[in-house]
């Protein structure tokens, strides 16, 4: 047990800090559209050219080959420098890429990994379907082998940044007669193939965070399969373990910043008595204190994941604890903001707390609802028996 | 919709108040033991002799034959007069007796009801078993017909006041080959029969609220069966509807008094800052306010039950909402007391808040856990599909 | 004593629900992302139904029912997320009547002047003969009168006199939100808080709308839980969902009966009327916002889409929560006012 | 950076757990309803194991490990609901050492003097050369020294000098609770809060015991949920139970890693040490009390019986929660102290 950063780690932090100071874009990110995509890609390319992309990815594919703690340092310094968020590159960097590293062929790795790191290509996810949400393995999108291709027909939903993506991690059912988990394959789908259609879904914040994707006779080469035919569920578990595990590193740092700004809000907003600043209200002060302690615990959960990653490549089911804790805390932070704001909470500004509050429901649902995380914790961390209702 | 009490109701209230003023025992109840039983029985007999027993019970069995609102008025005035709690007579008055009224034979009613009202006999419950708790219908205690008797062998648990009781509402399995709910019978068991053995269970508050009861070849006359042989589950549902419904009338009034004393506590206890009285703490004041509003809502839930009782004899599944609300609120009231007391909460006095806190877990578990109440609300109030895990 | 609606009241409920189903279907909120003011025609129809004077005696020009029937009407309005103008009109009629402005009252009752409510936004506002302070005006884009509300009472002013306020996008996109800084504007009519228990009436009506919203959210979540299949079962089979719905039902039940009780206590001038009205507002606000959140979560991914109704209930519950006093004010009252005997 | 115990630390954990399993089985708490003081022999054995000076350097007479290893030891002590005397002794050794009372320190390390902790019970107490105020002394029925604790620091006094206090039945029947009103008693040794981060050390050790208690409660509930059958299934199949257990695991995980981090931050003198120590105390107290409650509820009726262990964890968690500062003090610190970079 130690918190020590080696002198190399410290030097790394200094170098990152200096480089970010010089290179973080001055102009803010455009809110959406092709300009947003370009902004994200350009920032990724800048990182790549500076030698900072894929901190803990293997160096043979353009990564830095450094231990995960360096990735954490990188995220910390990015937050300190107010560097742009990962944006459209989230899936490629945080679970698409790591899945290829763990399960992909040499060709797949050689093609995609450097391109993801350079910001040349954008990845998105194609897992959920309209009737396969929490019950992901119920997916029905069909893939039929025809020569060297899989011919895909069906529909996906909740695909973030689909309209910006070049490739997609796509789950299809390739053996409808096999057991539910036994007939699924994991594909790399080129989003520009004929027959792929993207339709954005509008959310309650007024934005389109995600889309439906429709597939009509889309021909995907079999060489784009990750893992074996019908063995995609194993690969999926790897993807989900990355999604629920290490992908939260930057989210946690972001949330810590949100909490500090919430404290500022409480200093500058009149409290429930209509007279003193909210932070002088005994109850609000206690809630703020507890939330600050909890965001610290979230950070420690992340550090524990990093520590475990020193021993094993693949994040374990404990990632679901981090996800659950993160989702619950994210929601409560925004609820406290609403309590502090009182009537002002009705006034909606694009970057304001009200939108944050509405957006927080995404966090509790996306990447597996909190109920699903509790099932995983109960069954895979604690070893409680599986629910027979779930066929 | 009206809150009006008729002039007869008001006159009734006056009469109750006057009578209680004259008749409420001056000496407090002994804490336990045979003296406690005698105290409760004596108080019941005093009520009976004064003409106040069984306010809403039929007059042919010694009751007053009055509408349920009079029962409510009676409870209110009892609380105001600090009259003794119902104590050992709870089961007889609140669900044993009402079950007989709904489902018993003429002989059963004629024998038991007046005696319950007079305080001559004490009833207890014999439903749960060690492996039949939430899954009540899994009960295994066997009853075998032999001539005019049922011969009973087995064990019950969580029987409140078993050591004081003369009779028990006893569920036994009379057809082991029938469906789970189809082979149960509801019996009146004389607790003084040979083969009945009572063993008190000590709880975490240090008291013995309830007991195990063992049955060895206990011969119960078939004439003591309520409802038909193997049709006891229907009778049980009636008993439970009374237990979860109208039985909360006095509990709600009691809790309202507890909340008022909690507010007094907050005035007289130094708060979290170690300087001001707890009630001046913004957060504690808000919690107290909300709890006071909630106990008022609990009262309104009870009044709604009374209103429904004007139209139907049997309480509906909404009683589970009252039970759930009551259990949750009971617990939170005591948790707030602990927060107000701070370190003082460690100091345990027999009637103090610390024991109230520990005792509140009983409320959340006894009479069906909050999880069971939520199942009932989900399935029987809202019509959601039944869980297939529950065989 | 009977908290259940009687047969005449049940008729009011049924007729109102039927009318609202055709005139205020929830689908209307998916046809526009802007607030849709109630049309003049529809407003006139409501006037003819007697809604604006529902709780006012016939001798004062009202329909001759009481606050109990008003509570039932507003519960139905809350169910369909109707704009708050009916509530504003109902209170405005009473304010005008209490200020002996019978012509004004008649004009509102008759549907000739439409009303919006404006809730105080600071502690410095004063209401009386004149109105001063900052107010958040709800659903006031196309009205003739504005009813200013604060802990001091209610004051009625003309919309024209307020000039152009600061129109702010609202959390609820179907609610028009405009902020006015008012400096000493003479009121057409003023009623202080205690007069005819006017503020308690407002609390009960707002609570009734919140009750309706919380019940509709409960019903939506329950219906979805019966229909939506995952793992080969309706999701309502799973306790994680079933128990969420049960908690929604429990919150509704508590809020509903507390609100009905409060309506009667206020109507009949009981000593605990203020306590009951504030308790109703608090419990119904809690039920509406928590059920609004739970409804979204029961709907999973679909709950956060604009296409489904779930988010509409949450957003509207926060708007209604703002009306007639802050949490802090109501909590102070329930802590210090006398409760029921 | 690595938060996981290394192999040497794992050995300490395993050895401690083995020792405690035989010397402090939970069954001992069912054999008596009174507090059972640690016997002289057992105390001596602990001394020989080097527990009282575990985190003290060898040159000061300690075992030469650090606060990290102490945290691991106290987690195990928390798991078996051991009395708080080891914690008192561990802090007392450091207080004596900081006050250059090396003989006193050696005597405690050697097990010759047993120690109890007494937490301030009012805001008027003062700690320094002299001790004044009201204190709640925990597990002090058979000790030679008492360590008085308040926000000002720690002061060591002899048990004899305190005379007879007011023995009060404790919520936890296995904890001896005695209240002392002390007026200007000279201290044998005093260490102010900041010195050697002594208060933060205390917070971390109390947090470690709370973590142990919360983990043991989680494990008990989980085991019970696997074994107990209802409706023909282990109750752990049902989400109402499964998700309760999952929430228990989540609280444990957060408290554990926060506490380990705090142990290291305090040991290494980081700028955020106070923040981390207070955060650890708050999260572990929350985990222990909430898991204590949940464990009882998972056990159903059996959870409230004296015969089962479940209630023991809840009661002890409230005792441990009392040690080394109130919630209010820790919440103020976490709100105002600097956090990690």
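Residue numbering begins at 1 within each chain, and the chains themselves are lettered A, B, C and D in the order written.
The rule we apply is simple: a contact is a pair of C-beta atoms (placed from the backbone, for glycine too) under 8 Å apart; a residue touches a chain by one contact, two chains touch by 3 or more.
Quick caveat, the model's predicted, so the values are computed rather than measured.
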Farthest chain (mean CA position) relative to chain A: B
B-C or A-C, whichever has more C-beta pairs in contact: B-C
Between chain A and chain B, centroid-to-centroid distance (C-alpha), Å: 51
Separation of mean Cα positions, chain C and chain A [Å, integer]: 40
Junction residues of chain D, two or more chains touched: 233, 237-241, 243, 327-328
Sites on chain B at which at least two other chains make contact: 272-273, 286, 371, 374, 387-389
Residues on chain B engaged by chain D in the complex (per definition of touch): 128, 131-135, 138, 157-158, 201-204, 206, 270, 272-275, 338, 342-349, 354, 358, 361-362, 364-366, 369, 371, 374, 387, 389-391
Chain B-facing residues of chain D, complex: 33, 119, 121-123, 136, 168-173, 175, 177, 179, 229-233, 235, 237-238, 240-241, 293, 296-297, 300-301, 303-307, 311, 315, 318-319, 322, 326-328
In the complex with chain C, residue positions of chain D that touch it: 238-240, 243
Partner chain B, residues of chain C touching it in the complex: 1-6, 9, 68, 218, 222, 225-226, 233-234, 236-239, 241-243, 245-247, 249-250, 253-255, 257-258, 260-261, 263-265, 268, 270, 275-276, 278-279, 282-283, 327-328, 330-335, 339-341
Chain B residues touching chain A - in the complex, by the definition given at the top: 272-273, 281-284, 286, 387-389
